[in-house]
Amino acid sequence: MVYVTRKAHFAAAHRLYNPAWSDEQNTHVFGKCNNPHGHGHNYNIEVTVAGDPPRDTGMVIDLKQLAEIVDRELIELVDHKHLNLDVDFLKGVIPTAENMAMAFWKILAPRIPSGKLYSIKLYESDNNLVEYRGE
Amino acid sequence: MVYVTRKAHFAAAHRLYNPAWSDEQNTHVFGKCNNPHGHGHNYNIEVTVAGDPPRDTGMVIDLKQLAEIVDRELIELVDHKHLNLDVDFLKGVIPTAENMAMAFWKILAPRIPSGKLYSIKLYESDNNLVEYRGE
Amino acid sequence: MVYVTRKAHFAAAHRLYNPAWSDEQNTHVFGKCNNPHGHGHNYNIEVTVAGDPPRDTGMVIDLKQLAEIVDRELIELVDHKHLNLDVDFLKGVIPTAENMAMAFWKILAPRIPSGKLYSIKLYESDNNLVEYRGE
Amino acid sequence: MVYVTRKAHFAAAHRLYNPAWSDEQNTHVFGKCNNPHGHGHNYNIEVTVAGDPPRDTGMVIDLKQLAEIVDRELIELVDHKHLNLDVDFLKGVIPTAENMAMAFWKILAPRIPSGKLYSIKLYESDNNLVEYRGE
Amino acid sequence: MVYVTRKAHFAAAHRLYNPAWSDEQNTHVFGKCNNPHGHGHNYNIEVTVAGDPPRDTGMVIDLKQLAEIVDRELIELVDHKHLNLDVDFLKGVIPTAENMAMAFWKILAPRIPSGKLYSIKLYESDNNLVEYRGE
Amino acid sequence: MVYVTRKAHFAAAHRLYNPAWSDEQNTHVFGKCNNPHGHGHNYNIEVTVAGDPPRDTGMVIDLKQLAEIVDRELIELVDHKHLNLDVDFLKGVIPTAENMAMAFWKILAPRIPSGKLYSIKLYESDNNLVEYRGE
């Protein structure tokens, strides 16, 4: 079993906000992340696929192919977008890093052509990151 | 002469858009950076002050004091904000990295208590950065 | 289950030294890390909390709150300190990265308000790091 | 149980190529990595050893000693080499990152003097990495 | 005047070797960089363009356009290549980082559509880099 | 003219303290950097040499040779040391990054065998750095 990781990047705006709550409660819980016009991040994502590399290729998954899948199926949908307003698969989701990582898993897991999706790491900033392993 | 640099960070949303232009021209020039709901970045900024360190302190400028000035006078105004909509000193400015670095210079240059502001570097992403030296 | 990580930083001096040993044995085992006046590092720490994000917040733990806990309960006690001489909770402990990570766990584990402490990673330098998971 | 990691670096050339295949098939599978004269990378490797730090040293393994073992037993054999042509222990192995990590494990696992080898991470570039844990 | 920088990356093999010299002299001067089968690097390049941002765009140069020029005119020619054997514009040039930066300047300087090329930085590794400013 | 840079690293303890001042004044000016037992850093240093690469070598200076000079003449004297107590050439110098960069220049400038020393950059932390160019 070898774990193969590809990194990718996107830039997006978002706002943390629960529409079921009052403004006061939103500000209390989400602080300045609740700024009404939104703020933004350069997100870094690490997609890890686990598998046994076949003898004739020595590759769990072709990293170029994995990069293309991540770009086409995910990055295209979120890069230079407002995550609350422009992204269909995040409609109704509070775009915390936790919720984003779980939503990204749902998109990518069925699209990995060899090996199995093992982990998605999402860096919201250099100091804040989350990991989801489908558990 | 010694050059002393302090790094700082903020997260913000922005949109590249010239209101004097048609939608077509905006899209032609600014591409996906013209997304109407905006997108965002983790900006990194490097503020460099040049001076001669006095004998009794050995410091061009107290880096803790410089950090406080950068935080209070600049970062507080832009962090977790939408640069087009929430920031007074950027009103009427297309928030490209170039324009932002020049606007930041105007704010910081008169507030440096010892030494002289020498350079402002602004990283919009790991791969894109600008520098302004007041020239 | 999502794993949420917050990074923090501190600068400290330390000396690797076992008082039960002769100088020769200390030098043999700890090499230049046994320099009597100490040396120092910029330590980076990654604190990972695991949990299930509730539906209404989408957050395992508020990262701002986690940052404040790590700062107040840990970083304040070790930043700009000599780890052998100035830190009560390290008295009698040889301040290797291994021992420090285990001591940090004891401090932080009972203070995590939501989710459970999963891992503490401590980087002594860019090339040397340890991880403790409470096992 | 504490996990201790040492990073190391080497620069090497390689070519992805299966001699049992036609040129067409090699190009189809390996793309530009199949360039006949080879290309190269700065590889970064992270070697993680797991163990219980003894009371008198507080160290799972002396990181200086681990660094020397990694340098002498591994880095010396691959640094500034062509991995397909100059490295005995990679003869007959397609030098993908996956195969390299597994081959490095075989070399290092029996040479760790205290604790047990837990993981080898190999970065082929900033965006591509693999991990092998001996499973 | 604002300085705008775009980073790019490529992976290549090379060999330091002066054909006018004996093997002994080549080994004496270039050491293990003279390994006959070559070795390789992940090169990072920073291309800096200086200019005055026009009022209507706020950009010295469109960074997306600069990225495309660097990719098409330079990266395509050197990525996943052997610099001594596969690259026409380096024929007869000892591919030290110094010579490469000067050769890259000659290619890029006449192709910058707005502003002027100011600097090319080339990182051969994390610890070794060169800069050429056309002087 | 090409600028060639070599990076190096060391770990050291220090204390900012002016013996001509009262304790109150030292604390007022240097804050927690005045902690009596000292604190420490992983320092990163970038040594830049400028010159014209000769035709037959293509190198301003052999980077391996530059690395050896920096290690032998500088790093050996400061690594794993207390800068106030263990380093002869810093006796009587308040070890701010500014003063250290100027002291390092005096040591290295006369020992550069080809090209001329152009700049010394000293990073005290990821966020704080100084540069001295001998001006």
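A few comments on the model shown:
Per-chain residue numbering starts at 1, and chain names A, B, C, D, E and F are given in the order in which the chains are listed.
The criterion applied here is as follows: a contact is a pair of C-beta atoms (placed from the backbone, for glycine too) under 8 Å apart; a residue touches a chain by one contact, two chains touch by 3 or more.
None of the values given here were measured: they were computed from a predicted structure.
Considering the contact criterion stated above, the chains in touch with chain A and with chain C alike are D.
The chains touching chain C as well as chain F do not exist; no chain touches both.
The chain with its CA mean position farthest from that of chain D is B. Using CA-based centroids throughout, the chain positioned farthest away from chain F is A. Looking across D-E, C-F or E-F, the pair that copies the A-C interface, with over half of its contact pairs the same by residue number, is E-F. Interface of chain E with chain F: the two copies contact each other largely through different residue positions, with under half of all numbers used appearing on both sides. Between the CA-based centres of chain B and chain D the separation comes to 41 Å, rounded to the whole angstrom.
Each chain gets a centre from the mean of its Cα atoms; for chain A and chain D, those two points are 29 Å apart. In chain C, 126 are the positions where the chain touches two or more neighbouring chains simultaneously. Every pair of chains that touch is listed here: A-B, A-C, A-D, B-E, B-F, C-D, C-F, D-E, E-F.
Against chain C, in their complex, chain D makes its touches with residues 1-8, 53, 56-60, 62-64, 67.
Contact residues of chain D toward chain A in the complex are 16, 18, 20-21, 29, 31, 93-99, 101-102, 126-133, 135. Within the complex formed with chain E, the residues of chain D that make contact are 9, 11-14, 32-33, 35, 37-42, 79-82, 85-86, 125-126.
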